[in-house]
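Two complexes come next, and they have one chain in common, chain A, joined by chain B in the first and chain C in the second.
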Partner chain A sequence: MWSFIVMRILQTIPVLIGISFVVFALLLFSPGDPAVINLRAILNSEHPPQEAIAAMRIEMNLDKPWYIQYGSWLCRVLSGDLGYSYQSRRSTVEEIGRAFPVTLILSTLAMGISCIFAIPLGILAGVRQNSLIDHLTRVLSIIGLSIPDFFIGILGIMCFSIYLNWLPVAGYEGFEYLILPAFALAVGMSAISMRLMRTSMAEVLEEEYIRTAIAKGLSRYQVITRHALKNAMIPVITYMGTQYGWLFGGAMIIESLFAIPGLGRLMVESASTRDIMVLQGCVLVFALVFVFINLGIDIVQYAWDPRGRVDNE
Partner chain B sequence: MHGIQEEEWIMNSLYQAFDPIFGILHTSRGMVRKRPLLMIGLAILTLMCLIAIFAPFIAPHDPNEQSLKDRFKGPCLEYPLGTDQFGRCVMSRIIYGSQTSLAVAVITTIIVVGIGLTVGLYAGYYRKLDGLLMRFTDIMLAFPSMVITLALVGILGPSVPTIIMALAIPGWAKYARVARATTLSLKNRGFVESARALGAKDRYIIFHHILPNSLAPIMEIATLGLGGKIISIAGLGFLGLGIQPPTPEWGTIMNQGLPYLAKAPLITLSAGAMIILFVLSTNLIGSEVREVMDPKSDSMVI
Partner chain C sequence: MKCTRLFILYVCILLFFSSGAVIADGGNQVLHIAAPWDAKTSDPHVNGAIAQRMGTIETLVDINDQALLSPGLATSWEVSGDQKTWTFHLREGVKFHDGTAFTAKAMKKSLEDSLKKSKTFASVPIQEIRAPDDKTLEIVLTQPFPSLPAYMAKGESAALSEASIDQGDITTPYSTGPFIFSSYSPNDKFVAVKNPDYWGKVPSVDEVVYHVVPEAATRSMMLKGGDVQIAQILSPDITEEYKSDSSYTINTKPISRVRLISYNCESGPFSDTKVRQAMNYAINRQDLVDYVLQGVGEPATSLFPPSIYWGNKNIQPYPYDPEKAKSMLAEAGWTDSNNDGILDKNGEKFSVSLVTYTERAELPQMAEIIQDELKKIGIDVEVKAVDIDTSENLKNSGDFDMYLGGRSLLNAPDPDWVLMADYHSSGTFNNGYGPYHWKNEELDSLLEQARAITDSAARKEIYDKVQQIINDEAPVSILSYYVNQDITSNKVKGYHMHPTEFAFHLEDVSLS
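Coming up: the complex of A and B.
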């Protein structure tokens, strides 16, 4: 168990290094002098003085070859310095720290809603294949996948905020502000996990050990909940974990639509205003969250399902 | 005598030339009965493409023609879907918008499939390249694709070439993975080995033997990907970072209609409906094709 976890953590190191290169390259590609970009935010002026630019260029090692620039950038990032926001004058770390919990709550809520709907429906469809509910979930999931989340958000605003006046339109002052956005995010996610649950359930029910359990005289309900579900959940958990990572980045449009001050909105705003330092910070955080969630899924899967262990070790 | 023979020959060759079409028509009749969802998807997709191609003939107005006295008109004979805040015909804007969205999505998909296939084929064929190329795709897949797209658009500014590039850079890795997997499974098959024994060069084997056989799964993901690209393009437009107004584009139209949601909901809703129809058609085609090719696997799960 521990050797697997250590191995898996070691495997993320090359990916982390790769990510750092990509994020660093974003600054290289951005038009304009990185020293000027940095100084504008620190000195609060559109045209920083030449001496300050020259000093900053030396401090950021911009006169050196790119690998030394990369090295000094990496040192700064590892010590928690991601530069300053050109817009708000606050440090990028502070901005991200403020936005991160909001996105965390929103994506967890969306995930929860999607689990409540997708898993029971998926199980039902898998147990009763080719029944009405099976066809219904199939149609529902194709439709759910085809509607962009922001369109669902708009429909939600029209129904519940404009006509019925039950929920607030936009902003973030309490839990009720997250209901519509979380639902909008949950629809697309449920569409896939529902079908995955169905397929996985249908496959597990074909297996020998299920037949044994039925032959032993267990009730259908017991077979499904105690024996089949445990194995059928594995691909669904894997998928949902990945999806959780995607939600962090995927909530950008929804957060902007509902004016929720989360990471996605922070990134969209920094992209609109070319606030390069914050943009870079957001990309880094999204990639890190994604990598660590994947690491988490692999470890959970290892603990949950002993069958794959021989291959992994 | 000579004339009749010639006529017969012409008829024969004509028939031969059209034979594939008759064949498709014949099988399609069977397919409608067997796979109605596939046919619905194909019909919507064809209709969308026709609308985009013949936009100048279908659209009732110029998409950018403003008429300030006709602002926020409801649906009527002259403006079938009403007008927007500048008095522009919503229907015409949506029809012309299909040109922009479709063109960008198709070009991006072609680029992405091209890069992904090449990387995947070479990675699968040459073991030495494999490790390096696959670690590279690992890194690309570590970023949610919309994050990279948005970052690139933010840095380089929204323009059509930037948007295509920003969508293509995170998009190819998935195709490379699939192409690599099929190449690995095909590489040691009999027909490849016999081609090698006959002295075929690696390049020839890759492009004449392995490529045609790995196209099917790639095409299937590309169909689903086309719909995904339409959503991404619309998403960028919706954020105000897509194709810039006044060029009509579905996402931008949705965004611009947003402040008038209570007053003139048709602006946003009709553009949204076009996106949904298009994505629905690619999803239907993709999932049905997958079921035909591999009945055991379920649809849509990538």
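Coming up: the complex of A and C.
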């Protein structure tokens, strides 16, 4: 078990190095002079003066060749220094440290809501194929998949914040501010997980070992929860894990709509203002989250599914 | 059935989730504002724009509602005969938020911190700052620099107490404004409370919360949901909804930013003054405002809007007259000799490129209308809508004929800054944002003359002439002024917008 985990962690290192190269190359070849871009933000002016640009180029190391810029960046990152934001003059670690927990709570909440919806409904639909609940969840999935998350967000605000006045419109001052955005994010995710859960459950129920379990006299409930669910959950966990990872960088539209100071917004804003060090930090964190979630999924599958262990031991 | 019971339980949990409470405010009068821009930092010397608008900081020089410099923490200022030493006389009886007195010594320390931290002052030739006595501050320059007082109105030059400066990266700035900085969280909000000991008009509201909300639609919904009382910078399609609603007020203000076409005055058809003048008759400015901006904009006349002090109020708008444009082009030698619908001269077609950028959504749309209008008089225009950086590269290398862009005029709130950078030949030949490689001897000498004068009325006379020359020689076609629209709930009284977005004037605002 431990050797498997250590091996998986070691496998992530080349992935991270690759990511750091790609990010660096993207920034290097993106249009515009980063010095001008930074000065636009600092001076609040679209057109910064020439003297300031020259000074900024030297300050940002832009007069050096790319491998020196990359090398010095990598050394700093490995020692835990992600640089600082040209926009705010705060350190990247501080910026990400502020945004990350917000996104973590938001994504976890969205994930939780999605699980609460999707898994039981998916199981029900899988167990009772072509019943009323199956048709109902199918319709719900299609609706949930077809409506983009920001539109659900706007509908939610209009209904729950403006008309009913139960929830705040936007901002982040406490848990209640995350309910609507988490729902908006959860709808699309639930739609897919629900269908996946149904299909997977239906497939597992066709397997021979289920027939054996029924034949030895177990109740239908026991068969489903004890025998079928474990196997049926595996594809759903893989899908949900990937979705969870995406939420850390991909919830940008919802974070922007609801004015939540999260990681997705930080990433997109730093990209659009080309706040290089912050963007690099964000992408790095995003990549790390993905790598660790994948690691988590692998470990869960390893623990749950004995078939997977054969290749590794 | 167990499954059914479980299902009901889940529904109950969901209902529980959706019954969150709304936070209620106490007895304090709290004003909430939703705006698109983040303050970026709590240190005004790094970026002071939002703090200045919120009224938590003050500067030596203020900008009044006509965009003219006026006394702030300095009651008056003058420059020495050699134009190199500026003397500011500081206001009496002013206290910082931490209780210490506002003195020349504190201001010197504060300005030195500004110079160290902010790039805003990179082009200001300051040699030394002196405090000969408590109420006199002298700024010594290495060379004459007439817009120094304008730079002393920038938020980054804010007066901060010595205790604030000693923090290094300032997290709690103590200035002198009508509001006291309370807290700042990035990309989220900026909170200020009333300063009961303010030297001027004491605010009526107790607390102001400035919410950073990037989406205009969300700002509007926050206003409708009662979460904020002021929603700033809304687009015309949103403000339209409020026109028939009497519980809100639409506030509209032209700001000191123009949309203009800069011409390549070095090569191509626009090197001929007559052709550029013809363009001014060929473009329907009112149509651009009506159809692209839904009427929220103002067709432009002079470079500076007539609503502010520096605008030349005598400049008459160019009427839309395509026939006149055609005849002027014919005078310049451009006629359709081969009847293909496109003008030509000496066998060369009138085919030009119009470069613009997509970051400001209205510009590409305007470019298309202009393309269409010029086609009617026989000019073939190719629109290149690219990102702002690419557009600037094209412009600075002269690889364009017309450049459509937005330009902020009073970033340093003095006309000298934009005119020198964009219209003086030292700027037009050096990556300025005005016409490309254009030189007018009279305009150059007028601008140099104005630099030696400090009297506003005398300077305005010169700048009026300069604007007249720009209008007549047409190195640029000035199309329209930007207009900001903020919507306030009717609970808000006394809100008024500033033409350079210098202040929100929240000390004048009360809540009913």
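By definition in this document, the second predicted complex is superposed on the first by the 268 of 313 C-alpha atoms of A that agree within 3 Å, B and C clash if a C-alpha of one lies under 4 Å from a C-alpha of the other, contacts with A are read in each partner's own complex, and residues count from 1 in each chain.
Simple rule for what comes next: a residue touches a chain if its C-beta (ideal position, glycine included) is under 8 Å from a C-beta of that chain, and two chains touch if they have at least 3 such contacts.
None of the values given here were measured: they were computed from a predicted structure.
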{"item": "Which of chain B and chain C A:Thr137 touches, first, second, both or neither", "value": "neither"}
{"item": "Contacts of A:Thr199 with chain B and chain C, given as first, second, both or neither", "value": "first"}
{"item": "Partner chain in contact with A:Thr103 - chain B first, chain C second, else both or neither", "value": "neither"}
{"item": "Chain B versus chain C as contact partner of A:Leu279, first or second or both or neither", "value": "first"}
{"item": "Touched partner set for A:Ser256, first chain B, second chain C, both or neither", "value": "both"}
{"item": "First (chain B), second (chain C), both or neither touched by A:Trp166", "value": "second"}
{"item": "Partner chain(s) touched by A:Met158 [first = chain B, second = chain C, both, neither]", "value": "both"}
{"item": "Chain B versus chain C as contact partner of A:Thr238, first or second or both or neither", "value": "neither"}
{"item": "Touching partner for A:Gln69 - first (chain B), second (chain C), both, neither", "value": "neither"}
{"item": "Shared chain A surface residues [contacts with chain B and with chain C]", "value": "31, 154, 157-158, 162, 256-257"}
{"item": "Interface residues, chain B side, partner chain A - complex", "value": "37, 135-136, 138-139, 142-144, 146-148, 150-157, 227, 231, 234-235, 238-241, 254, 258, 261-262, 265, 268-269, 272, 275-276, 279-280, 283-284, 287, 297-301"}
{"item": "In the complex, chain C residues that touch chain A", "value": "2-3, 6-7, 10, 13-14, 17-23, 34, 40-41, 43, 46-47, 49, 118-120, 122-123, 169, 185-189, 211-215, 217-218, 221-222, 224-227, 387-390, 392-393, 406-408, 411, 421, 430-431, 433"}
{"item": "Interface residues, chain A side, partner chain C - complex", "value": "31-33, 36-37, 39, 41-52, 55-56, 87-90, 95, 98-99, 113, 116-117, 120-121, 124, 127, 154, 157-158, 160-162, 165-176, 179, 183, 221, 256-259, 261, 265-266, 269"}
{"item": "Parts of chain A lying in touch with chain B, wherever the complex brings them together", "value": "14-15, 18-19, 21-22, 26, 29-31, 138, 141-143, 145-148, 150-151, 154, 157-158, 162, 191-192, 195-196, 198-199, 239, 245-246, 248-250, 252-253, 256-257, 267-268, 270-272, 274, 276, 279-280, 282-283, 286-287, 290-291, 294"}
